[in-house]
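Listed after this line are the structures, all set down as structure tokens.
After this come two complexes, each holding chain A, first together with chain B and then together with chain C.
Moving on, here comes the complex of A and B:
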């Protein structure tokens, strides 16, 4: 076994909800849901250098797709997931194709504009989305005749989905596509010389990000049983951006750390009212200034430095 | 009847437009001076207005004093943002994404701070001049709105004079155009960037102070204002702060005519769609003079 710590992690993960109270298990479910959406944003930010503020749009589309399919059309929940993923992907393709011609600041502002337009449309198209009233009574998910109606059961389901998403993203990043993405991020001209279809690759990753957002949204809809436009504001888009930035955009465990941060910090600060927003903003500022590789990236750097120092011969260390 | 509706739309469009223009000018000034798009520009407006409101309500200052307090606070905020946050990142030679994340973080923190300390209330300031209205071709315009337009024109003239005729303004321009060249002639480039952020903070706060009597201000409005201002600056061409005036007025007119001809609910949708189309199809803006990086 190459990674013994992985077994320890799985055992801790399996036992954790039995130790924690129902409320904390509930938060861990949200951490799993946010991890999936954050993975997509991290893929764009960490490997392509693209800042997206539009993840809330695709999260909303997944959630609305699941709600409309199961409540309004009374069709099975699995279809809701599929439709949500396809709708997110198709819209991401249609929007991403023109918008991803932009880079840097301008691309980020464009995604912010998309998120604001989408939020206004979700609000106005109440015949479809229910507007501020929303869509309620979304049925619980069933799996092999087993209903996921408690935080405990949903905890296992959501984290398994999150783990699959992590594995898929890991494979994508570790393979040729990952190399191409990082090549494109670090040297655009060199990537073009190596015949990497830069625009096509950016659009592809944008679509992957959107599909992850859609899955995350569908899970959210089935878990809470209620969706409304209030869940899909621009604040949500900034939270999804915060997740990979805090933990470390290029690292998959970093995304999990970021998701845990944004779910548990408001809980820890709940006595102070709306104080967590300030902490989120300051956390973003501090990480960007002091730890550009995020929490996990910075810890890795420390470990690497410590390792280098311990393996170096004394003579070298004194140079 | 219909024509007066259109005249009314044009009047309110121009009024809103000059506000967007002020925010856009702030964004353009900071972009030109430091190469950063400041996503917190609308938050400067929010802070300016909220400080003035609290100076009047909590501290009991008169309106002119509160107005000045809001503007000064804007300048200070801009300076603090540069000295405390931007400077270490410039020293590290951080990339564009990092600056963008930084300003998003600033915007989020300020918005959350206003929510925490001031609550979910909507804040208004008294009108400048009297509360009355003037009648123009069967349509009405508030005296305050006329003052806003006059103030905007004055700010534009002052800005133009500052950047072209005063040695301080010229030094700021020089530092932004060629940092190394400016340094060799004895200009303190870092101080000029700080001054640029102070200027951006001032323009942002003024926009907030002028808009608060027309549109009540609340904690969540910063990003919308930023995006409207960015749209104004983009239409005019980001490298030309004066272009933001034309861009802002065009945006204001498009918005208010969208209210008349489409529906008021789609005003922001129309405005941000215009932004996307302009960014993709006319990246130089209609008055932009030189190319920009990044698109």
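Moving on, here comes the complex of A and C:
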């Protein structure tokens, strides 16, 4: 086995919920759900240089698709996932095609506008979404005869889904497409000259991001059993952007760390009482200043620098 | 007779009220090195941007190997073999030298996002091919020691070399070079000239924009651009004797 630490990680992961209390397992489930959505945002931010605030839109679409398919239409949950993914992908394609002609701040603002418009529509179209009342009694997921009706069972399921998403994203960024993405991020013009269809690639990755958002939303709907417009506000869009920013945008472990941060840190701070919001804000500022490449990204840089220093000093003359 | 690699016909372009190119026509025959010189502000950069598709000319046409490029994007022109470099090299700053060159080799492969995500054999083959091509290019350009160095840390001479190596990795048929020798010392310019000559010997067509008379000697034909018009063209030695060219450009 090439990666012994992976076995350790899997063992820790498997045992963790038996050690932690139910409440912390619940937070870990949310961390898994947010990891999946955050992976998409990280792909755009870290590898394409695109700031998106629209991930809440696709998270909502996945959640509503699952809720409507299972509650209103009484169809199987798996169909909800599929419809949520397809709907997210198709809408991302339709929105991304024109919007991704923009770059930089204009694009970020445009995605923010999309999130705001979508939130207003989810509120207005209450015949479909239930508006502020929402849709409740979403059935629990069943898998091979087991019902995932506790945080513990859902924990395993959600993290397996997250692991699959991580593997797919890992393959994507390690391959030809990842190279093209990072080239395009560093210089759009140079990439075009080298025959990289930059617009097509940006739209494709936007769609990938949206589909991950959709899966994440479907999981959320089945886990909580209830969705309403309150879960899909701008706050959520910002939260999804924070995940890769805090953890490290171009790094998959970074996204996991970012997702753990935004689920656990506010919870730990809530013991402080009324001030916890302010302290969380300060914590964000401290992390962003101390770790400008995200927590994992910055640790990697330290390690690389230490490695460079230890190898560079004595051997230089012999080269 | 084969169609010229580039056939530029009657290109005119203005930015607002400022006419930059009035009526530019010249040919780049396949398999040759053609030069384009002209003083600052003569419209060289605008012309270059028109040739590779960053700009759409207001009049005239650019034919590439007999095909009208009007409907072709920058990417499409690159796919059929036209690659350019930039006056200020645009390397991928955060990528290593090796990765920069691999991006240059992307156009030799086709696998899309889905096959990459699923790590299909096709995607793995493509990556292996790109790595192989990059390795050969690294060796050819003598970049072994810089392989893992991020492009942001390179000197300006190294950046030029990397940009050239990256363009070369995509096996272009037609390479447009925008001031490739600026920022290089005499020895480096000489080395560059030799490189370009070898590319040409391998069958690559080159269009060279430069101020550098030393480098320009490798061109078989030189076109002189002055205030948006080609005022003379011919071998460099002839251009240096041409009284009009001496007056406007060489300042003699």
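Things worth noting here:
Going forward, the second predicted complex is superposed on the first by the 294 of 319 C-alpha atoms of A that agree within 3 Å, B and C clash if a C-alpha of one lies under 4 Å from a C-alpha of the other, contacts with A are read in each partner's own complex, and residues count from 1 in each chain.
One rule holds for everything that comes next: a residue touches a chain if its C-beta (ideal position, glycine included) is under 8 Å from a C-beta of that chain, and two chains touch if they have at least 3 such contacts.
Every value quoted in this text rests on a predicted model; they were computed, and no experiment measured them.
Of the two partner chains placed by superposition, only chain C is touched by A:205; chain B is not. Using the contact criterion defined above for the overlaid structures, shared-chain residue A:260 touches neither chain B nor chain C, since it reaches no partner. Once the two complexes are overlaid on the shared chain, A:31 sits clear of chain B and of chain C alike.
Once the two complexes are laid over each other on the shared chain, residue contacts for A:189 go to chain C alone; chain B is not touched. Of the two partner chains placed around the shared chain by superposition, chain B is the only one that A:245 touches, whereas chain C remains out of contact.
Once the two complexes are laid over each other on the shared chain, residue contacts for A:166 go to neither chain B nor chain C.
Counting the residues of chain A that each partner touches, chain B and chain C differ, and the larger count belongs to B. Annotation: chain A has no residue touching chain B in one complex and chain C in the other. Contact residues of chain A toward chain C in the complex are 168-169, 171-172, 174-180, 182-183, 185-187, 189-198, 201, 204-205, 208, 319.
Residues 36-37, 39, 85, 88-89, 92, 94-102, 104-113, 115-116, 223-224, 227, 230, 265-266, 268-269, 272-273, 275-276, 279-280, 283, 293-295 of chain B touch chain A in their complex. Interface of chain C with chain A (complex): residues 52, 54, 73-75, 78-79, 83-84, 86, 90-95, 99-100, 102-104, 106-107, 109, 111-113, 116-119, 123-124, 126-127, 130, 145, 163, 166-167, 170.
Those residues of chain A lying in contact with chain B across their complex are 45, 49, 51, 53, 98-99, 101-110, 112-114, 116-117, 120-121, 123-124, 234-235, 238, 241, 245, 273-278, 280-285, 288-289, 292.
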